[in-house]
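Shared between the two complexes below is subunit A, which has subunit B as its partner in the first and subunit C in the second.
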Partner chain A sequence: MAVAAGAGARPGLAHRARVYVMETRAQCLTVARTPAFTVPTLIFPLMFYVFFGVVMAFTPTTPTYLLATYGVFGIIPPSLFGFGVGLATERESGALLLKQTTPMPVGAYLFARVAMALLFGAAVVLGLFLLGATAAGVALYRWQWFALAGVVLAGVVPFCALGLAIGAWVRAQAAVAIVNLVYLPMAFLSGLWVPVWVFPSFLQELAVVFPAYHLAQLALKVIAMDEGQPVVLHLAVLGACTVAFLIVASFGFRRVSAP
Partner chain B sequence: MTVASGAAGQNACGECVAELAGVHHRYGDVVALDGMDLGVRAGEVLAVLGPNGAGKTTAIALLLGSLPVQRGEVRVFGCEPGAAAVRFRRGAMLQASGVPNTLTVSEHLELFSSYYPAPLPVSQLLAVAGLEDVASRRFARLSGGQKQRVMFALALAGDPELVFLDEPTTGLDVEARRSLWREIRAMKAAGRTAVLTTHYLEEADALADRIAVVHRGRVVAEGTPAQIKSRAADRRILCVTRVDLDEVAVLPGVARVERNGRHLEILAARPEDVLRILLARDPDLHDLQVTGVGLEDAFLTLIRGDGRQEEA
Partner chain C sequence: MSGSERTVMRAVAYGAAAVVVFVGTLTALPEPAAPEAQGDALPEGSFAVVGATVFDGETFRADHDVWVEDGRIRAIGAALEIPADVSRIEGSGRTLLPGLIDAHVHTFGTTLNDAVRFGVTTVLDQFTDPALAASKRAARETLARGDEADLFTAGMLATADGGHGTQFGIPVEAVSAPADAAAWVAARKAEGSDWIKIVYEDGSPYMDIPSLDPETIGALIAAAHAEGLLAVVHVSKLAHALEVVDLGADGLVHVWGDAVVDDAQAAQIAEAGVFVVPTLSVVTAMSGDGIDPELLQGAGGATASRMQRETLANRFPDLPDEARPAARGETAIANVRRLHAAGARLLAGTDAPNPGTGAGISQHGELQLLARAGLGSAEALAAATATPAAIFGLEDRGRIEAGRIADLVLVDGDLESDVSASTSLAAVWKDGYPVARSIDQETPEVPAAPATTLISDFEEGVGASFGAGWQVSTDQIRGGASTAELSAPQGALRVEGEVVAGDSAFTFPWAGAIYFPGPAPMQPVDFSGREVLRFRTRGDGRGYLVMLFSGGASTAVPPSVPFTAPADWTDVEIPLARFPTATPGLIGGLSFVATAPPGASAGAFAFELDDVEIR
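What follows is the complex of A and B.
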């Protein structure tokens, strides 16, 4: 879309950056004031880690293993809720339509939700790392701490795409339930709570269909505790899932903008 | 989509800042707009008046660029309605629209202000919308009237030349409606152009310089509030007569006839003309009463009259 020069309204880079910051701030405030969001997002991964990684760690490697998988468990809710529930709500309240009449760049809207997922995800990962390094006595090389955090946080991308697909299709009333129905079984079946190798074999085979499994395997690779499948496989599945979710989301939006 | 530099502000219809020309729009089999022509002149408040389903919201959505144009031409400031250059110069209040419940009034206004290069200061927005006392209250805790005033303030955030207000007072109580009217009048006094949709003739009369009455996707009457009111049948005749109902219905100036017990109830713009004929045909006519009707009834006869012409 070309914009007329001389209309006096061509925004500069500083103005655009400000929109991105303000939109991110609004998004973070919105979710931070929603206890139904913040409690499961911030507390559950840390609480579960204390139970299964610190108090009931049955083998010496359990705290290290669960550090990676609860990290993945921790970044999924902010990714799914910001887009899934937030978008469905704004779509239904008309807030999204109103924003679309303003000069707000669509990029700022998407950026704000990804940034919120990253910030909340980073808070959970930091909390887990502190618990792991202190209470659970996890010892990793410095590069492993950074690589683990990097892999886990990069995982917001496919789950934001999944959230976008959910938010584009489901009604606001149903969004929280749908997100939980997707997220909790997927977390369990992907081996985020207990390692996949303790599953019966048919469940082990089922695990490979979930993006969370592949993200967890990438994270576990950093600490050499993965199932041994190639990195390329995990990246390919995560990439394919992201593209598929975005396609599903775009059909949802097309359906919405049609009468 | 390309916008020629310098084209903004000068347009085909001269003084029009926004325009629908021969616009047709359908949702599947349902015709929403059926050849609508509508021009908004700089500095005026134009009320688009019509019942639910007349096509008002579709017209606004096309002027905002929220819907693709199917047939006809839609221009705003001489540009495509959704063009970025247009977005900076207009604001909108959508029908039954909200914003997230968890943010405060100030936070919403600060956010929307950030979208525009030269926004109105938040303090000024709070003042013009009468929201100073609730600036730090979350949207969820506002009354219906306060919520609508927030939506109004958001429409003004970018200091727009042109403001679209889609049924701004629907669902508000009388007091909240009057309060929003005051703010819309102040906005008009500040020199902004506005398009307002409503299904209350009273509201159009109170706020607009010009009224376009829409019915079944077309403009069926257009003029100043005084002109529109004079065209609306605003007198009710009640009488007992042996003149047949069908015979009365075709008399000039009669908008509607109904049998009401022994009485005939006739709505007409000029009751004298109708009575002259009736008395000539029925010297025994009695129990005669002529009263004014409310603006809403008058408005209904205006669009019903149009419906009958279509069928004829």
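What follows is the complex of A and C.
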């Protein structure tokens, strides 16, 4: 990179692409070398699905319902941890500052983390779908399989934004705890484990404030098991959350950049 | 290629491989099997029957598909393009029909649910309580889920004071003169009658029944037409049929069994455009040569209700022999054959739930009787679907055609070659909703009869060893004037009285004694395992009847067996099997009565009973 920049030439497309690839690879390697992250991320959704979707499925529709909601449950950790914990750590260790001094575009940094979240998310979704289809006997129309995967994976966007906001503000030691504090209660209260309609009414009303609830409702709409609220509502809430998280994150960065 | 390019290409290749694996795996995931029609798990609302022989109301179409959406038929055709997520029902080896229309029923009790469970999704009622009709009117206007056939009805019928139609306990406003006709018809229209039903029945030559005269009938027909309503007429004789055809009637709701129509007369009826609802079910039930109800009751696994079982088991009262020649049924069938040959329009109707018929069930027998009269399968089925729909202006049903209501009947087998396969019902849909064809049978707790076989030896007076005991039974409870007295002066029950004709020509006169085995009158007791009724009798040498009431709510005439009371004591044994009831073994009452034909008197009578046993 230094060579290319030193030549005074505008870096070629291949070079710029290579920056993205290398950063993504670095991000994936970083994460993959953190079993404390990878094992829960990849294994927990599948393990819980085996428990609650296969072995202890209380109703015939439970395996199908959990396929959608555990999919959402599965994409949240890679989105939140990659940005939240990763960013906080790099910010405090100075690695972020180092990266900022290189000509690497900010886009590559973001791309790498989103791509990592997508990759892990896709692996979880694939694992869940295979488990559901083989062990729980779930059968969906082809468009439903694809739409379900698409909705769930598109969900990395708002959660990456949330991770960015957390990572921009929270100290590294606190980041893991904060992320877990946000993610596990939100997962439960958003109906990812049991449908919200079994909640007491005040909890049902509370559910609508969580982005995970709205993403899960979109996923459940694909299999006609949602609460019947309009798609626009869920999209609007998710979009608004994303924008809000990005604004919060940008304030955080300004604070970091202006000592 | 530079190092950078190699790195990027490799990354792109990895990415592409990941996408291929992801998409490939998703593509290979299982899809739901197209649902198959199985029992109560039939699809509803939107579904398709594929590869069936479809009778569209007029003709059979081999290997056709029918696509139903939101309670209506969306399309019919060979090899329709139907979206993959529409539930499919395999139709090969099956015949799909429009829901059947019974063009002659009388609605009461469970008639409408009984009809739809056996594939009759619309009934054309030829006389019922106008209030009942009004309560059912909303259901026929919607595609909402329901468990009853749609009801279209004449409502109240037009008859003479005390004439046919006044004997059923439904208030009837009689018509007395042609001048009343317009007001009477206007009142029916205001009440909601869909057409006008007129009775032309004088009972001759067996009975003398007050009847409307031809002038009044003509005035009623003209008044109906002036109101834009069809006018149909009950006739039971050829001469009356021809008379009302001349008076401009639109339809005849029975075929006659007194004489065979000749070719010229049949042509006259056909050319006048008059339709005929032969009701061979009820005509042959009277003459005793109908379709064996046993063959119909199990139709496709549907269960017959208590009312259906009772009305099928019921028999018409014992008319004088000359009033019920077996030939009557044959004559009626011969008439249908000739009318059909002449091109007259025929509609399938049963007159259920009269004795010997069951709502819904008997329409399948009617199809077979029409086939016996020479109608081909398509002709018989058209008489039960498209033809009545067209005549009665029911443009939303009666055919399998895009846009019509999804009232459908799926039958196992090929109806084109044998219409009797209609009893093999596989499914019935009303407004696109599958109809539950089995019902929970109410099974009231019936106490078993005590061990003793002796009911009464009358040594201690008019008593019985169990039950509510002996009481006088006469036609006074139905408005008659017959009388009876019971006494037990010499260790036997003495029954004496007088049988006299009542005011109504239809009251079946009787007088005598009735024994109630249960703690209250007509409360049934279970005598299962007992085989025979035994008693000793003597009397004035006349004939009497034993009638067995099974204790149901039915108002129909109970089965009866005759016996005579000669001058000297005689033993009588009657196997209980000779009393055909819907629920063998149950006895709510046993009556020993003197009777007379409807409208006649039998005078004074006296007989004695002793040692009555059920063993």
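In the analysis below, the second predicted complex is superposed on the first by the 252 of 259 C-alpha atoms of A that agree within 3 Å, B and C clash if a C-alpha of one lies under 4 Å from a C-alpha of the other, contacts with A are read in each partner's own complex, and residues count from 1 in each chain.
Definition applied: contacts are C-beta pairs under 8 Å (C-beta built on N, C-alpha and C of every residue); 3 or more make two chains touch, one makes a residue touch a chain.
What you see is a predicted model; the values in this text were computed from it and never measured.
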Using the superposition on subunit A, tell me whether subunit B and subunit C clash or fit. fit
State whether A:H15 touches subunit B only (first), subunit C only (second), both chains, or neither. both
Which one hits more subunit A residues, subunit B or subunit C? B
With both complexes overlaid on chain A, does A:A95 touch subunit B (first), subunit C (second), both or neither? first
Given the touch rule stated above, what does A:W145 touch, subunit B (first), subunit C (second), both, or neither? second
So after superposition, what is the minimum Cα distance from subunit B to subunit C, given in Å? 8
Go through subunit A and flag every residue that touches subunit B in one model and subunit C in the other. 12, 15, 18, 22, 25
Residues on subunit B engaged by subunit A in the complex (per definition of touch): 1-8, 27-28, 64-67, 79, 83-85, 87-89, 91-92, 94-100, 102-103, 107, 110-112, 114-117, 138, 151, 154, 158
Considering only the defined contacts, which subunit A positions touch subunit C in the complex? 12, 14-15, 17-18, 21-22, 24-25, 119, 122, 126, 129-130, 133, 138-142, 145-146, 149
Of all residues in subunit A, those that touch subunit B in their complex: 1-7, 9-12, 15, 18-19, 22-23, 25-26, 29-30, 33-34, 89-90, 93-95, 97-98, 100-104, 257, 259
Quick one: which bits of subunit C touch subunit A in the complex? Just the residue numbers, please. 2, 4-5, 7-8, 11, 18, 21-22, 25-27, 29-33, 84-85
